[in-house]
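Each remark here refers to the structure printed beneath this line.
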Amino acid sequence: MSNSLDSYLVLSGLLFAIGTFGFLARRNAISMLMSIELMINAVNLTVLAFGAFVAPLRVHAAVIALLVIAVAAAEATVGLAIVIAIFRNKKTPLVDEYDSMRD
Amino acid sequence: MNWSDIGTISPVVIAVLVAAAVLVVDMVAPGRRDPVIVTALGGLGIVAVAILIQAGRSGSAFGGAYSLDNLTVFLDMLFVAIAALTIMFAADYLEPRGLPIAEFAAVLIFAVTGAMLVAGSTDLLLLFVALELMVLPGYMLAGFARHDPYSTEGAIKYFLLGSFSSAILLFGLAYVWGITGTTRVDGVAAALATVVATGKIAPGLAMGLAFMTTGVAFKMAAVPFHYWTPDAYQGSPTPVTAYLSVGPKVGAFAIALRLFVGALGPLKADWLPVVIVLAALTMTLGNLVAITQDNVKRMLAYSSIAHTGYILVGLAAYAGGEQSGLSAILFYGAAYTFMNMGAFAVVTALQRRPGVSSQIATFAGLGRRDPWLGALMALFLLSLTGIPPLAGFWAKAYVILAAIQAGGWLTVLAVLAMINAAAAAFYYLRVVVYMYMREPTGDAAPSSPGALFRTGLAITGVGTLIFGLFPALVAAAADAANVFHG
Amino acid sequence: MNLPILSLITFTPLVGALAVAALPSRYPHLIRRTALAFSLLAWVMSLVLLAAYAFGPTGFQFVEAHNWIPTFGIRYKVGIDGLSILMVVLTTTLSWISILASFGPIKDRVKGYMISFLVLEVGMIGVFLALDLFLFYIYWEIVLVPMYLIIGIWGGSNRIYATMKFVLYTLVGSLLMLVAILATAFAYQVGHGGSWVGAFDFQLLQQFAASGQFGDAFQNLAFLALFLAFAIKVPMFPFHTWLPDAHTEAPTAGSVILAGVLLKLGAYGLIRFAVPLYPHAAHTFAGPIIVLSVIAIVYGAIVSIVQPDLKRLIAYSSVSHMGFVTLGIFVFSATALQGAILQMISHGLITGGLFLLVGVIYERTHDRTIAKMGGLAATMPVWATVFGFFILASAGLPGLSGFVGEFLVFVGSFGISPLIAVATIIVMVLAATYLLWMFQRVAFGTMSDFLKGLGGHLTDMTGTEAVTLLPLGFLIVVLGLFPSLVLDLLRAPAQAFLAAAGVAVGG
Amino acid sequence: MTFLIPLIPLLPLAGFAITGLLGREMGKQSHKVAVWAVVASWLVAMLVAFGALSHTLGFDAAGAGIKLWDWIPATGFHADMGFFVDPLTACLLIVVTTIGMLVHIYSIGYMAHDEGKWRFFAYLNLFMFSMLMLILADNFLLVFAGWELVGLCSYLLIGFWFPRRSAAEAAKKAFLVNRVGDMGFALGIMAIWTQLGTLNMQAVFAKFAGVPHEWQIAIALLILCGAIGKSAQFPLHVWLPDAMEGPTPVSALIHAATMVNAGVYLIARCNPIFGTVPEVMVIVAAIGIFTAIMAASIAFTQTDIKRVLAYSTLSQLGYMFASLGVGAWTAAIFHLMSHGFFKGLLFLGSGSVIHAVDGEQDMRKMGGLARKIPITYVTMLIGSVAIAGVPPLAGFFSKDEILGGAFKNGFLWVWAIGFVVAGMTAFYMFRLMGMTFWGQSRVDPEKEHPTHESPPTMTRPLILLAIPAIFLGLLIGFPPESGLLHQWLAPVFEATITASGRTEAAYSFFGIDGVLAIGTTALVAVAIVMAWRLFGVNMPALGLHAEPRPDRVRELSERQGLAELYRGSSHKWWFDDLNNLLFVVWGGKLAAAVFWFDRTVIDGTVNGIGTVTTGAGMRLRQVQTGRVQNYALGIALGLIAMAVGYILIAVR
C-alpha cells in the first residue's frame, strides 16, 4: 500500500479536502487564502506523484508544479492587496461581516 | 520559441506592449486622460489589425500549446472590442471619482491579454495559466474603487471564490493529465477516445471531470456556482461590471470550447446530462431572482446568469450531436457583448455623478429626460429580451435551433429556455416601464455623457441593430470560427 | 408589374416613422399631419393593390422573394392572397383612422406616439404579407413593442399592469411558437437531405405537409405551440383575461387597433399557418377547440352583461365575437370559414367604431363607468345615433356586416353538427342583452348628476370624430348588403385552406 | 310590372334616409317627405296587389318575383336579394300599406308638438321599409332580415320617449323577447339550408316533402318559435303589453295591425311546411287558443286603455294562430286583415282619446267622453262592435270562419275555448267603451287643456279606417268561405289543404255553420249586455242607457271563487314576475357568478402564475446571503453533487 501512486493520490486528496474544509470553516480572509494555498499544494502533490510513478510524465510534472507555484504566488499577491483594501474599509478581516450586498 | 511563434501570437504580444505603453504614457504625462485613452484605443486598434491579418490563417506556437485558427481570431476580436468599449465607457465614470484611468486601462488590457491567450490555448497547462492571467486582473478591477466598501467587498468575494474554484479546476486538470499522460488538447482527446472505446470511464476520470466542470461552471457563473456574480457585479465600478459581464464570461466559454469540446469531446455523452441540468438550473434561477431585483446592476447580474444558461444550451446541443451549437455559442457571445455592454453603459451614464445609485428608480422618466439614452436602453433591453429583429433575438434563435436539431431532451430544454425568456421580459420591460411610463423623481440623475462615451454607446447600439438586421454576417463568421467541425 | 408594391406598402409607414422622428417635437401639429399623411399613403396604396389584385386564381400574387439569411434558408418573402389582402386593407384603413382619432386625445409626447403607431402598422402589415415563417415571426414580435408602449405610456391609470400582462402573455405564446417554427423548418431540412433551402418558405412547407411528411406526434406538439400563441392573441377562452385589462387601459386608438387588427393576427395565423402546416393535428384538436370556441362565444357574452365599464364590456364582447372566428375555422367548412373571415373584418370595423365612440365620451367626461352615464341621447343626439348604429351592428342586425359573418359561421357549423349552432345561438339574445342594456343606461333615461356637473363640456361629436367613424359605418353597411365584395375574394383561399386541411370542398 | 316591386319598400327607405339626415333642418315640415313616400309606396303597392290578385300585369296565379342581386354568395351557402309577390303577399300589402299610410297621416297631427317629430317619421318610414321587405322577401334569410329590422323599429319606436325609464325598459324587453323567438327562426333557416340547400321559399316548398320527417318537425317547430316571438304568443307574449309605452300611432301600426301579424303571415306562408307536420299544427292551435283566452282574461281587469287593447290584440292573434293550427288558413288571413283595420282603428281612437284628455291613459280617470269627442267616439264604437263580432261587421265574418273551421276540422276543444273567448272579447271591449265614453266624467278638472276633439289629420284616418271595419267582411268575406278572399288565396293554400286530406264541407247557413254563427252571436250579445250593466252605456239614438255600477264590479271581484281569478287577471297571471325572477334576478346572478369565475379562477390563475414566479424568485434570492462561507459551501456541495452525478453517469 505504501509508496504507491494510489497512496499519494489519497494523501493529496485528503490535503485538498483539508484545504477545502479550511476554506469553508475559517472566517478570516488571510486564513482562507492560506487554505487555498493548501489546496493548490495538494494539486502539486498530485502532479508530482503522477510524475514520480508514471515514467512518461516525469519531465512534465516538474514544469507543471513550478508553473502552478508561480500562479499561486501571483494569486496570493493580488489576494493580499484586496484583503488590505477591504480591511481599510471595513476594519475587520472576518469575511462573514462583508455582507452588505446580499439577496 | 522562435520568430514564427512570435508571429503567431503577435496579437497577444502587441496587447501586452499596449498595456505597457499606457503605463509609460501615464508616467510621462501623469494624470492626463487623453493621451492615455488615445494610446489605449490606438493600441487596441493595432491589436485588432494584427488579429485581422491572421484571419483565415492557421498555425500553432509553442509546440502546439497555442493554436491560431478562426476561433482564436473570432474570440480575439471580440475581446479587443470588449476592452475598447470598456475604456470608452470607463473614462467618464472614473474621472469624477478620482480613479486613475491609466492604471485601469493597463490592468484591463492585461486581463484581455489573458483572455486572448485563453482563446488560443490548446494545452491544459497554458489554458490554466491564461485563465489566471485573465481573472487576476479581473479581481483587481472589481476592487478598483478601493475606498468604496462595496467595490472591495465585491472584489474579495470574487477573489476568494474565484481562487477556490481555480484550485478545484486545477485539481481536475491534474487528474486528466495524470490519466491521459498529456497536456495537449488533441492528445487528451485521442487518449480519451481510446478510453471511451474500451468501455467505462474510471472513477478517477469521473472525479476529474467533476472538478473541471465545477471550475468552468464557476467562471461562467452557472448555477449553483454563481454566487459571486451578483455581489461582484453590484459592487464593482459600473464599467468594470460591464467588462465582467462579458469578458470573463466569453473567456469562460472559450475555455469550455477548448477544454470540453477540444479535449473532452470524446466524453461528451457523459457531460451532456450535466450541462443540460446546469443550463436548466442556470437560466431558471437567474431569471426568477432577477425578477425580484430593484437594483439594475444586480438585476443585470442575475440576467447575465440567465444568459449563461441560454449559452449552455448551445454547448448541450453540441454534446447532443449538433455541431452548430458551437456556432450558436459564438454568435450568442458576440451579440451578448454588444447588447449587455450597451445596457451597462447606460447605467454608467446615469451614474456619472458620484453617489448616484443604480436603483431602478433612477431610470424613472429617462425617456423624457434624455430621449436618446432612453431609446438606446430600450433597444438593449428589448434585445436582451429577445425581440426581433435585434441581436439578442437571433442569438436565442440560433441556440434554440441548435437544440431542436439535437432533439430529445434538448427540445425540452429549448422549450424551457423560451418560457424563461418570456419570464425575463418582465424584468427587462420593467426598466422600460420606469423609463417611459413613470414620471421622473426629484433625485433622478442628470446625464450628459462625453463624446467618447457616446461613440461607445453608438457602437453598441448600432452593433445590436446590425446584428439584428444582418445576422447572416455574424453567423457566417461564427460558423467559420467553429473549428470543431467534422 | 415589377414594382415591389407589397414592400412599398409595408415600409411606407416605416418611412413615415423615420420622417416623424426627424421632426422636432415642438411642432406637434406637423408631426400629427405627417403621420396621417404616411398612413393615408399606405392606405391608398393598399387600395391600389386591391384594384390590381386578380380575383379568380388560387395561390399568391405579387410575390417578392429575396434571400436574407441563406445559411438557414430564411428569406424575405411576401405575397398576398384574398385573405391577406383583405387584412392589409383593414389594417391600413384602421391605421389612418386611429391616427386621425388620436389628434385630439394625445397631447403628450405626440412624436413618440406617432412613431409607435407607424411602426405598429409596419408590423401588422408585415404579418399579413409574410410567406416565410421566420419573417412572419419577426413581424409578429415587432407588433408587440409599439403596442406595449402605446398602452403603457398613453394608457389609463392601471396601464402598467395591463401592458405587462399583455406583453408577457403574448410572449409566452409567441416564444413557444418560435420553437415550433424552428422545429418545423428543421423537420423540412431533414426531409431534404440537410439542405436549409426553403425550410422556412411557407409554400414549400405546406407542400411538404400536404405530402404527409410531418409525423403525427410532431404535428401535435408543433400545432399546440402555434395554437397557443394564436389563441392568446385571438384571444380564446380561457386565455382571454389580458384583453379586458389591455382594452380598458389603452388609449382610444390603441383599443381600436387592438380590437381591429391585433386580435385578427391570431385568427390569421390559425388560418394561414397552424392548420395548413399541421392538418392532422388540427383535426385531432378540432373538437376541443370547437368546444372552447362555443364556450368563448357564450361565456364572453354572459360576462359582458355585468361589466360596469364601457370598454371592458366591449372587450368581453370581443371574446364572444372572436369565438365565432375560431369556431368558423375549426369546423372545416368553406361556408363557416368565409363567415369567420368576414367576421374578422366586420368585428374590426364594428368594434373599432365602438371604441372610437367610447373615446368620444371619454374625451368629454374622462370616465367610462356606465353607471355614471345616462340621457346622452338628448345631449349628444348625433353621437347617440351613431353609437346605436354600431351597437346594432355588433348585435348582428341583418343588413349590416356582422350578421353575414356570424350567420355564415352558424350555417357552416350547423351543417357539421347542429349541436354547435344550438349551443351557440343563445348569443343572439345575450348579445342584444348586454348591448341594449348598456345603450339604455348610457343614452336613455335622464341625464345623470355626473353628466349634469360637466355642463357645457358635453358637446356633440366634432367633424374630425365623425370623419373617423364615417368610413367604418359605410363599410359596415356595404359589406352587409354586398358581402360578395369580400366573399368573392375568399373563395380561393377557403378552398386552399380546406384542401390543405384535407377536407373535401362541398358546394 | 314586377320591376315595380322593389319600389314598394325602397320608397319608404328613401323617405327614411332623407328624413333621417335632413329631418332636423326641415322643422315643422319634417313629416312631408316621409308621408309622401308612404303614399307613393301605397299607390305602387295597390297596383302590384291588383296585378297579383287579378293575375294580370305580369303576375300569374303562383305569383311573380324579381331578383335584385346575389346577397350572400358564399361557398356552400347562397342567399339572394329578391322579392316575390303572390296573392298572400298582396293581401298583406294591402293591409300594411293602407294602414301604414293612414297612421302616417294620423301622426302628423298626433306628433305635431313633439320635438322629435322628424325622428318619429324617419323611424316610421324605416319600419314601413322593413315590414314590406319582410312580406315581399322571396327567401327565408331576407324574411329574417325584415323580421329583425321590424324588431329594431319596434325597439326604436317603443323607446321613442327614451328619457322615460319605462319606455326604455319596454323597448329593450320587446327586442330581447323577440330575439328569443328569432333564435329559433334562425336555427330553422339553418336547418332548411342544411336539408334543402336553398332558402328560396318557392324552392323550399317544392322540395319539402323530401325532407326526413324528424327534420320536417324540427324545421316547423323552429319557424313556429320565431312566429311566436313576433306575434307575441304564449310564452313570449310578455313584451307586447309593455310595448304600449310607445306613441299611440306606433301601437296601432306596429303592435296591432302589421308587425305582430308577421308570425301569422310566416306560418301561413309556410303552409306547405306546416301541412306536412300535423303534430306541430296541433301545437300551433294549442298555443294560439291558450293565448287567446289567457290574454282575454287579463284584458278584463286592466285599467290602462292601451293595455286593454294590447291584451285584446294578443287574444286576437291567438285566434289567428288557432285558425292556422286547425288548418283554416284563409280564415287566419281574413282575421288578420279585418283585425288589422279595426284594431288599428281602435288604437288610433284610443290615441285620440288620450290626446283629448291630455295624455291620460287610465280609464278610471276618463268617463263620459262621448259628447266631447264625438268623431272619436263613433269610430271607436264601430271598432268595438267590429271586434266583438257583431254581424255584419268585419270581425263577425272572420271570427266566424275561424270558429267554424275549428269545429268542422275536428278541433272541438279549440272551438269551445274560442267560443268563450268571443264572449269575453265582447265583454272587455264594452267595458272599455263604458269606462271611457259613458257614465260620468272622471277627468281631472284641473287639466291644463280642456278636453277637445282631435284635429282633422287625426280624425280623418279614423273615419277612413272605420269604413273597412264595417264593410271589409262583406266585401271580401261574403259569402262565407267562398268570398273574394277565398278566391284570391286559393292558389296559396289549395295544395296544402288538399294534401291534408280534409275536404271541408261547403258552408251551409242552414246547417252547422248557421248554428255556430247564431250561437256565437248570441253569446256576444249576452256579454255586451253584461258589460253595459256593469260599466254603463249611453246611446240615446238606440234608446240605451245604464249607469256604471262600480259597487257591483267591486262586489263581483271580491266574491268567493272570483277573487282569485280577479287577482290573477290583474297581475297578468304573474308572467312578468316569473320572467323577472328567472331572467333578471337569477340570470343576473348567473352572469355575476360567471364574472366572478372569470376574475377569480381564470384571471386568478394568470395572476397566480405571476405571483408564484415572483414568490419563487423571492425564496431563491435568499440563498444569496452575502457571506462568502455560505457561497463556498454551496460551491462545495455543488461539486459533491457533480461528482456523484459523474460517477452515476460513469457506472451506468
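A, B, C and D label the chains in the order they appear, each numbered from 1.
Rule of thumb we're sticking to: contacts are C-beta pairs under 8 Å (C-beta built on N, C-alpha and C of every residue); 3 or more make two chains touch, one makes a residue touch a chain.
Not measured: the values here are computed from a predicted model.
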Item to check | Separation of chain B from chain A in steps, with touching chains one step apart | outcome: 1
Item to check | Between the pairs A-D and B-C, the one where more C-beta pairs touch | outcome: B-C
Checklist entry - So, what's the distance in Å between the C-alpha centres of chain D and chain A? => result 97
Checklist entry - What is the distance, in whole Å, between the centres of chain B and chain C, each centre taken as the mean of its C-alpha atoms? => result 42
Item to check | Centroid spacing, where centroids are CA-atom means, of chain B and chain D in whole angstrom | outcome: 79
Checklist outcome for this item: Rounded to the nearest Å, the gap separating the Cα centres of chain A and chain C is 65
Next on the checklist: By the touch rule stated above, which residues of chain C touch at least two different other chains?
Outcome noted: 168
Checklist entry - Which residues of chain A are in contact with two or more other chains? => result 20, 23, 32, 95, 98, 100-103
Next on the checklist: I need the residues of chain B touching at least two other chains; which ones are they?
Outcome noted: 156-157, 160, 164, 168, 230-231, 292, 423, 426
Item to check | Those chain pairs that satisfy the touch definition | outcome: A-B, A-D, B-C, B-D, C-D
Checklist entry - Which of the residues in chain B come into contact with chain C in the complex? => result 367-368, 382, 385-389, 393, 397, 400-401, 404-405, 411, 414-415, 418-419, 421-423, 425-426, 429-430, 432-433, 436-437, 471-472, 475-476, 479
Checklist outcome for this item: As the complex stands, chain A meets chain D at residues 20, 23-25, 27, 32, 95-96, 98-103
Checklist entry - Of all residues in chain B, which touch chain D in the complex? => result 156-157, 160-161, 164-165, 168, 200-203, 205-207, 209-211, 213-214, 217-218, 224-225, 227-228, 230-231, 270-271, 273-274, 277, 285, 288-293, 423, 426
Checklist entry - So in the complex, which bits of chain D are touching chain B? => result 610, 613-614, 616-618, 620-621, 623-624, 626, 628, 630-632, 634-635, 637-639, 642-643, 645-647, 649-651
Checklist entry - Along chain D, where are the residues that touch chain C in the complex? => result 69-77, 81, 141, 144-145, 148-149, 152, 155, 159, 162-163, 165, 167-169, 171-172, 175-176, 179-180, 182-183, 186-187, 190-191, 193-194, 197, 588, 590-592, 594-595, 598, 602-603, 606, 610
